[in-house]
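Once you scroll down, you'll see the structures, which are given as structure tokens.
The following pair of complexes shares a single chain, subunit A, combined with subunit B in the former and subunit C in the latter.
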Partner chain A sequence: MRRYFKTIRLFWSTAFASQLEYQLNFLIELLAMLGTLLGSVFILSLFFTGGRQLGDWTWESALVIQGVYTFLDGLTNALLRPNLTEIVNYVREGTLDYVLLKPIDSQFWLSVNKFSFAGLPEIILGLSIVFWAAIQSGSSFSIYSLFVFIISLLIGFIILYSVWFLIAASSIWFVKTWNATEVLRALLAAGRYPISAYPIILRFIFTLVLPVAFLTTFPAEAILGELKFNILFFGLILSSLFFIFSRLFWKFALKHYTSASS
Partner chain B sequence: MRIFGLSFKVIKTLLTTQYAYMLEYRIEIALWALSGVLPFIMFSLWSQNDVGNSFGLNDIGLARYFLSAFLVRQFSVVWVVFSFEEDSLSGRLSPYLLQPLHPLFRYVASHLAEQATRLPFAIAIAITFFILNPSSFWLPSLPQLFLAYLSTHFAFTIAFLLQSLVAALCFWTEKSSALERLIFVPYLFLSGLLVPLSAFPPNVLKVAMLTPFPYLINFPAKILSGMPVDIFNGFLAQILWISILVPSVNILWKLGVKRYTAMGA
Partner chain C sequence: MHNNPSDLIVVDQLSKYYRVANKQPGFKGTLKHFFDRKTYHVPAVTDISFKISPGEVVGFLGANGAGKTTLLKMMCGLIHPTTGLVDVAGFSPQRRQTDFLKEITLVMGQKQQLIWDLPPMDSLYVNAAVYGLSDHEAKVRINELAEMLELGEELTRPVRKLSLGQRMKSEILAALLHKPSVLFLDEPTLGLDVNAQARVRSFLSEYNKRTGATILLTSHYMADITALCPRVICIHKGKLFYDGDLDSLANSLSPSREVKVELKNPCASEQFEKYGEIQDLNDRFVCLLVSRDKLTDVVSNLLTDFDIIDLEISDPPIDQLIGELFIKGEVN
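Moving on to the complex of A and B:
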């Protein structure tokens, strides 16, 4: 276990050093992030004109969801996207061979060997919005609600990671999976809004098929102290299943890996 | 008879080869078409929460608007900056620059060919939408269809020129695709992909109309869905933007080619 932590530290410190070369990129990402946040809050505000509510969520509590979404988006940009979109290239160029030969778990190596620091401001800003908006909507934090919030964020992140990894791993068979990630990103954008604001069929799909609800709505309910215990329990089971499935799928995919250009 | 200085023979060859190329990637293109579902997600939110009423829009009008926005996006989506960056970094651009054909025309042809390949998927998605929302079914009149077709092409031209401007920056920096995000973000919120622009507060709308973005989705989608829209001024603005962007791209391109260092060659 200690070996894994040490490896992560080495990975990320080299990533930091190499990214200092592209400071302009960092600035662009920052601008794009602020623009995106401004735009989504503006679009959200349109749903509340004339004193309406969005699926029985108030304006402040809906902002908590935006905060959770921004946080997860930051994690995606920092960790998931730089790592998992590379798997396709390893497969296409045959360099996956070298990864498999390393004396460390290949799924671990592929999932954490890069870290994009441009995602950090988004992570911090997302969390700040969560707490600010939660205070605005009159929630009083307790150790318990913070604990449930952290657990539900973890559940959300594990599900998000597993879905991304499943698509990335399928590149062993289909070399072009870039488009599938775009479909996923488009569907995940549904997480900007509370799940109860959707029609029944979509609520069902976004809870059980592609569990967007577990990514944003439920963590937001957790910090507001409204999350039911059985949902948290169900989330724990669901995220474990997603993660186990991603691991089994990777093992299965590797059996079909035939290597390229060697 | 020549169009943009190209003979018919050149145009035909470009389009047929690119179309043959695109047919190979039908599954990818189907996935691209699917990745445009955002207007449908927004529609489900609008109709479920009865938001349209605050802005004087009924459900059927909204359904038609969001379907039109989806269709317009399908035929005006542009990715030239990504292809160009790849070609530029891998050195594939060098032979293109030697040919007596502006490299941008090759990208135009590949976009048009991709649109043709996309057509059946877009129609299939539209039919699915009508099956799920039968009350929203409508057939636009012929003049409506023609004007929508024309304005979608103009929208594609503006989007293509905007991205070409960013692509030309490839001659200066290696990572110009990162700059594309700075166009995409205002495009996402101001084009009308997420909400019809008539729902914007008046002062935001005024600012938005000064940018090219509303003419990329909102204007053609309104024509197609039969919403009231100022057709004359809309087309005027589209043509104005094209006539500003064409010389800008030309100048930036000429300046850039002089700096071309043939990376990877």
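Moving on to the complex of A and C:
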């Protein structure tokens, strides 16, 4: 276990170093990120001018969702995108062979090998929005609600990660970068608004089929103290299933890789 | 088949078949390929058996697509055999257990594992962490290997700014950090200039002597094989057709020698027919192929029978021999 932590530390410090190799690029990335962020807050503010409500959410509580979305988007930019879109290159260039011959879990390697620091401000900003908006909407924090919030964020992140990893792992067959990333971003973007703002059918789909609700709405409800315990419980089971499935699928994909590659 | 404890690697009746689909050219072919794909099995490696003892340096020879890389990858666990058995240091490679992976390493000349934008040193410490080496252990090991490889400040320069030779040496360093006892090297000198090749070669030979590590390597450069590998395994079209020492391969490949003679006066070709196969006859120059066992007799007869200015005996070069061998596809 200690070996894994040390490996992560070195992965990320080298990732940081290689991003700093190209100073200008790093600066541009930061600026681009800031632009997106301002844009999304602006769009959200438009929705609520004139006292409109989204579903049964007020402006402040919907802003919590926007905060959770920003946080997850930051994590995506920091961790998921740099790592998981790279898997196809490992397959195409054959460097996956090196990863497979390392005495370390290959899914672990491929999932945490990189870390993009341009995602960090978004993560921090997302969390700040969550707390600011939660205070504005009159939520009283308790250790319990914070704990539930963290757990539900974890649930959302694991679900997003697992779906993304599944799609990335399929590149072992297709050996082609198809735009899975965009599909997933759209999925995540659907979570920018409260789930109850969507029509009933979409609400159902976003909760059970594509668990968008778990990504943003439920964590927001958690910090607002409105999340029901059975949903949290269901989320824990669902995210575990997703994660286990991603691992099994990876094992299966590797079996194919090792029996078909040359 | 019983396993002798002195065998480090046992390969027994190993075969690998790939399923492939052919696509006909053109749009029609594409459509057909999409809707009605016909796949069939292509043998990459067929029924190969051999054993390797600890500390051996073995070269794998074969033309492109002969199955060398497939064989190597089956031995390090990257490809599952279709049938047959591989045993490396008591492990079944395809299971890729941690203890097995710590014993082996793979270097591929055409693929790199060092991080492109950073100095090799950064990648080395990442590798050290992955293999569970402490910083101190890693430092000692890096210094030791860097000295053997004659790497110095190159290790703190971004990989993208290194020459191919420096990069390859750094790759080898990264691959040897964890003191593996079995080295799989797939074209480790690919693309290097003659000097860099020689340096990699002398390093490998010294490493083998110092640590007793077993080295298995494939190379297109015959010089690599002749300099490093007392034993060679030749693969042709997925089949093993020679396993033994390099010298007897040369003997079995060329039972004859070339005798070149420069005569004082031109002679007719019929006069030479009894001595050996005439390769070339041009005015006063004759080139004969003479079998080894008759060589001394033939040479002394030639010297007595003709007025000879110069005489030269040579072995056809080994790479030419092996090249011919692959074309013929058989061993004498």
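Throughout what follows, the second predicted complex is superposed on the first by the 255 of 262 C-alpha atoms of A that agree within 3 Å, B and C clash if a C-alpha of one lies under 4 Å from a C-alpha of the other, contacts with A are read in each partner's own complex, and residues count from 1 in each chain.
The rule is simple: a residue touches a chain if its C-beta (ideal position, glycine included) is under 8 Å from a C-beta of that chain, and two chains touch if they have at least 3 such contacts.
In this text the structure is predicted, and so the values were computed from the model without any measurement.
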| item | value |
| --- | --- |
| Subunit B versus subunit C as contact partner of A:T258, first or second or both or neither | second |
| Partner chain(s) touched by A:A32 [first = subunit B, second = subunit C, both, neither] | first |
| Residues of subunit A touched, compared between subunit B and subunit C (which is higher) | B |
| Subunit B versus subunit C as contact partner of A:F229, first or second or both or neither | neither |
| Which superposed partner A:A190 touches (first subunit B, second subunit C, both, neither) | first |
| Partner chain(s) touched by A:T95 [first = subunit B, second = subunit C, both, neither] | second |
| Those residues of subunit A which subunit B touches in one complex and subunit C touches in the other | 22 |
| Residues on subunit A engaged by subunit C in the complex (per definition of touch) | 3, 6-7, 9-11, 14, 17-18, 21-22, 93-95, 97-98, 100-104, 109, 255, 258-262 |
| Residue numbers on subunit A that touch subunit B, as the complex places them | 22, 24-25, 28-29, 31-32, 35-36, 39-40, 42-43, 46-47, 49-50, 52, 54-55, 176, 179-180, 182-183, 185-187, 189-190, 193, 197-199, 202 |
| Parts of subunit C lying in touch with subunit A, wherever the complex brings them together | 18-19, 44, 69-70, 73, 76-80, 94, 96, 98, 101-102, 104-106, 108, 111-113, 115, 117-118, 122-123, 125-127, 129-132, 158 |
| Of subunit B, residues touching subunit A in the complex | 25, 28, 31-32, 34-38, 41, 44-45, 47-49, 51, 54-55, 173, 175, 178-179, 181-182, 184-186, 188-189, 194-195, 199-200, 204 |
